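Right after this note come the structures.
Note that chain A is present in both complexes that follow, paired respectively with chain B and with chain C.
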Partner chain A sequence: MAHDEAEPPAPESGPDEILEAMERQREAGAAVPAEQERVPYLGFFLGPEVYGLPLLQLREVAHFTRLRRVPGAPPGVAGLVNLRGEIICALDVRTILGLTAQAPTESAILVALRGFADPLGLVVDSIADIYSIDPGQIGPPPATWPAERAACFVGTVRVREGLMGLLDLDRVVKI
Partner chain B sequence: MRKISPRGRRGGGVQELDPSPVVALLLFEAADCLMALPASEVARLLAPESHAASAGHTGASEEWIDLEEYFTGRRSEGPWLRWGRGKRSAWLRVARVVEVLPCAIRALAPMPASLRAARGAGTFFAAGVRGDEVFLLMDPARLANRPEGLPT
Partner chain C sequence: MSSLDASAFVGKFVEEARDRVKSLSGALLRLEQAPGTDDAMAEVFRQAHSLKGSALMLGLTDMSQVAHQLEDLFVVAKRDPGVLDARAFDLLFGALDVLSTRVEQLARGRLEPMDIAELCQRLAALAPTPEGQAGGVVKGPAGAPAEAAASSPSDFAPGGRPPGPRQSLRVPVEKLDGLANLAPEMVIQSLKASERHDELRRVEVALSHLKDRVREARLTPGAATGGPATPLGEYADALDSISRRMRDLLANFSDDRVRLNLITEELRQNVIELTMLPLSTVFDAFPRAVRDLARSFDKDVDLTIRGRETELEKKIIEQVADPLIHLIRNAIDHGIEPPGERIRRGKPAAGEIVISAEQQGNRILVIVRDDGRGIDPVELRAAAARHGIGSAAELERWTSAELLELIFEPGFSTRRSATDVSGRGVGMDVVKSVVVRLGGAVRVQSEPDQGTTVVLDLPLSLALLRVVLVEASDELFAIPTSAVRRILQLAAHRIPQLQQGPVIEVAGESIPLATLSGLLQLPPTAAPGLRQTALVAEAGVGRFGFLVDAVHEEQELVFKELRGPLRSQRTFAGAAILGTGDIVPILDVQALFALAVRSTAVQTTVPAAQKRAPVRPHRVLVVEDSLVAGELQRNILLAAGYETDIAHDGAEALDVLRQQEWDLVIADVDMPHMDGFELTARLRADERLRDIPVIIVTARDSIDDRRRGFEVGADAYVNKREFDQIALLETVRRLIGRGAEPSVPPLESPRQVGRTGHA
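And then the complex of A and B:
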């Protein structure tokens, strides 16, 4: 093209150099996590704090109005919820994480989970956002967190709402 | 070519479309919960004041369990149900009898493992839905020993 003719490649930019440069670029690109390797997380609030769970383990998010408390249930079980005819065991994640107990409000939200033998859900205050997390950016839980609480997380990552604790759901549901 | 109707070879009615057995459940309230028993296991219903009058006519081994007190530590003033299964029986005090509800077995869900394992909640073996409300299906045979962790 006219443009190429006006500015021919520099003498050092022969085919070998170009191929080498392409190879270097490919290697550099391989070191950067591809977009597909990022893991999407659903962020939600418990009070002012933001927490996350892998989007792959999310079934649905729903408002619920009636929570059926079960006498004699462990403290980590908030109760049972009727979700369009299906009975979901709602976990009180706030209690499980050792946060200040608080009765679910009318605006509380059920985050129904997938991948467990029983239909399970988490009672959360509100939804924050969906975050695409680079696994390389996940750090350990703060040392100030109690060991029992820290054990419920795979790690933490900084998002615009603050430090987001990434839940290890397999640990959380073992109440 | 012979056609087979969606209802099956024998034709017929709704029961062939919905083969799940139906059980009649007696729904009642206790401990601020909606609970249920198989209606076939409930033989009698006594007014709240009938306990003292009836106690002399029942076997000495028969238990009288106030479900409100059992689960919350507070006494109830509601009616008594006589539950019986085989040779086992007990009188259960509830806050209020709600209704008898026909319920398809397939509409019931087993209690989640985390609740079955709990000694207190282990009294309930399944849950169902009445309108928007969830009810808990109770097995009174599991009430015999007062579980730890419940109010005294």
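And then the complex of A and C:
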């Protein structure tokens, strides 16, 4: 995987900071209307690799206190998370993407999604940044990726942290 | 005006309003064809005005507002017929449609007002009043009712006095769910506030210590840094006042917290109530249904309905309507006799059906009772024999209650109804399955010639679920209380392994046993205790037991379904959030049963040759009126390999002993109807029964009692107070020999859970 000399994310960049940044981004976006048709993406880390999803499909970024495992659940389901009284089905993106399985760490973050009929979220290691992506720069997934995995992406784009895989969430949540 | 009982006049008003709307419609049509026709204009004005007056008197402000707008429009139109263009006519006919819809609603008894704000606005836009006070002054002709005129302006004030009995609002369920989700969050938040409260208290204590130190320092001469004592005094005073404020703050905070908790709980309750409807929404259809059914079966039926205001969650009400209609049909078709037959039996010609609903705790009982011919146990027995459910002799021993349960067996009565007109209980299995799916239960009572009562025992809400929390592999799981029959403590080292897997014996039934962590494929608990806890669950088709590491308390939880990719799994029916914020999955007992069957199926593939030839075990009858003592003895005997049953007094014991073969009787002394001494004496006097050994077990320990026991012919005497199973079993062995292969563990302190009945 291409991860260049990606700087590890500053440990302080917690959800709150990200949310603030998102807010600024939104305001900025509103102030400069459709300058280059750039699309904002949220970047997050799974291990050293950075992945992205459209900010429009993001509902919330939250530290989760407890992940409740569900015996007999499909392998792509990490468990259930209580997000302010709502039970979110947290997906194990690692497993879905066929990466080496790894139990969520203490500092794992829930990326709650919007736009789906059911309350869903992704378990990620940490948040990278918000990127404004020019759709013209999105390339296909590298030929080296297994087809099954490549199918979960709309494409890739190079960012400061490395080659960012842009998730096709509709595919990812269909497990 | 508002004190007038409007409902009595609604019928009259409906008739009047229908006519007026019709006249309005005719006049408008004439006007449309010949604009400016004066008499048509006057007719519209007159009809609208009268309609407004009557509607106002009945408090039907929505109608009066529309009529008022029509009236206003025609005041303007009289001066300027140009306002009545094609668009205006469309709107006017639309307004008439609204009025006529409203009248028909009234005719059906619906009093809730309609939303007419938009219509009124559009009508008002057609005719801006010259004074610029839209609807401000009613320019009615002389003689308009003063009250009507006086009260009309307020009708236009937004948020004015609500008309009719009550207003309602349609809200999407998702919004309510959103609200429901916030309530538990508030609970969690207030838990956090409690922690803060404790922190604050610690700070207060520290502050108070500091204050004391400063005070001491001040009183110790020369202890201060050599400076004058005054600043120290000031500090002490300042600390004093901070300390006081801190205490006040704590007290207030504590009050706030308590209040917050109360409000949170109330909010939670209110949110749940939002999804409730009164049973009248289904009950009110019954008078008509009963009338039609009675006619089609040529019966006379009086229907009484009680408790129609009882509220239940909408989802339950919707599903319970069909089963209720089914019960009513059964009552009329099979229960209530034809009038002639009723008179011959000395009953009133008209049969009576009473449908009632009442709340009991968090359950709702919906009861359908008739005074018809009832269900005859003799007929049930005959039908059961025809269906091969049991031999005639076996069925003879069934109690009426047990026989009545048969009507819930799928196919039991449908086949019967082909040959028998009184095939009661057609489709009762369907009724039962609907109710059970809702987490409820069905009970039936019947006396021949007296009638039948069917009780639907329903939960108040599907959202609220009573569960037993259990622990397996260090995780909590919830099991609906309605599915739990018993909770038993078992000695771990003595859970018997039959060929088809471990079992427990409960109420004379061998129940397969599995571990919950095994079924869920969780890592087994490191060190199971000496004693394990088993839950006996009922899952429609059967019972099974599963071992858990611990049973926690019973709780009421807000049920949430599992969504997303978890929709497809069956093991869990849903999940809930505990007060701590933790999520607990709720087990689906049916699915768990399927898992248990599958796991034991693997073990039933043992070659038949290996199976032990069955030996008839010795049969011991325990005669005991106390449930706990009886259960205890039975469990001890079962564990030792004896077959056993309980009779609840001497008289019942004599019956049972005469009907079946028994090897030993263990009898209590103090029992209703016939005590243990008398039972023993009667056995000794009975030619067929005199050789059955009798052990007397009692709390009495006087020499006289002991002597009397032996005088009447008891073979042994065991004291309840020093009751231990070894002594009992030794006595039993001495009298009739060993039990069969030990097949069951000793059970201790069996206890019932919740409202579940006798297992």
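Criterion: the second predicted complex is superposed on the first by the 140 of 175 C-alpha atoms of A that agree within 3 Å, B and C clash if a C-alpha of one lies under 4 Å from a C-alpha of the other, contacts with A are read in each partner's own complex, and residues count from 1 in each chain.
Following the convention adopted for this analysis, contacts are C-beta pairs under 8 Å (C-beta built on N, C-alpha and C of every residue); 3 or more make two chains touch, one makes a residue touch a chain.
Everything numeric in this text was worked out from a predicted model, so none of it was measured.
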item: Combined model on chain A: chain C and chain B, fit or clash; value: clash
item: Partner chain(s) touched by A:I175 [first = chain B, second = chain C, both, neither]; value: both
item: Partner chain in contact with A:V93 - chain B first, chain C second, else both or neither; value: neither
item: When the two complexes are fitted on chain A, the stretch of chain C hitting chain B, from 19-27, 271-279 or 415-423; value: 271-279
item: Residues on chain A lying within both footprints (that of chain B and that of chain C); value: 65-66, 68-74, 76-77, 80-82, 85-87, 89, 117-120, 173, 175
item: Footprint of chain A on chain B - complex, ascending; value: 31-34, 71-72, 107, 109, 112-115, 118-124, 127-129, 132-136, 147, 149-150
item: Footprint of chain C on chain A - complex, ascending; value: 65-66, 68-74, 76-77, 80-82, 84-87, 89, 91, 116-120, 173, 175
item: Residues of chain C touching chain A in the complex; value: 181-185, 188, 475, 520-522, 560, 562-569, 571-572, 575, 577, 581-585
item: Residues on chain A engaged by chain B in the complex (per definition of touch); value: 65-66, 68-74, 76-77, 79-82, 85-87, 89, 117-120, 173, 175
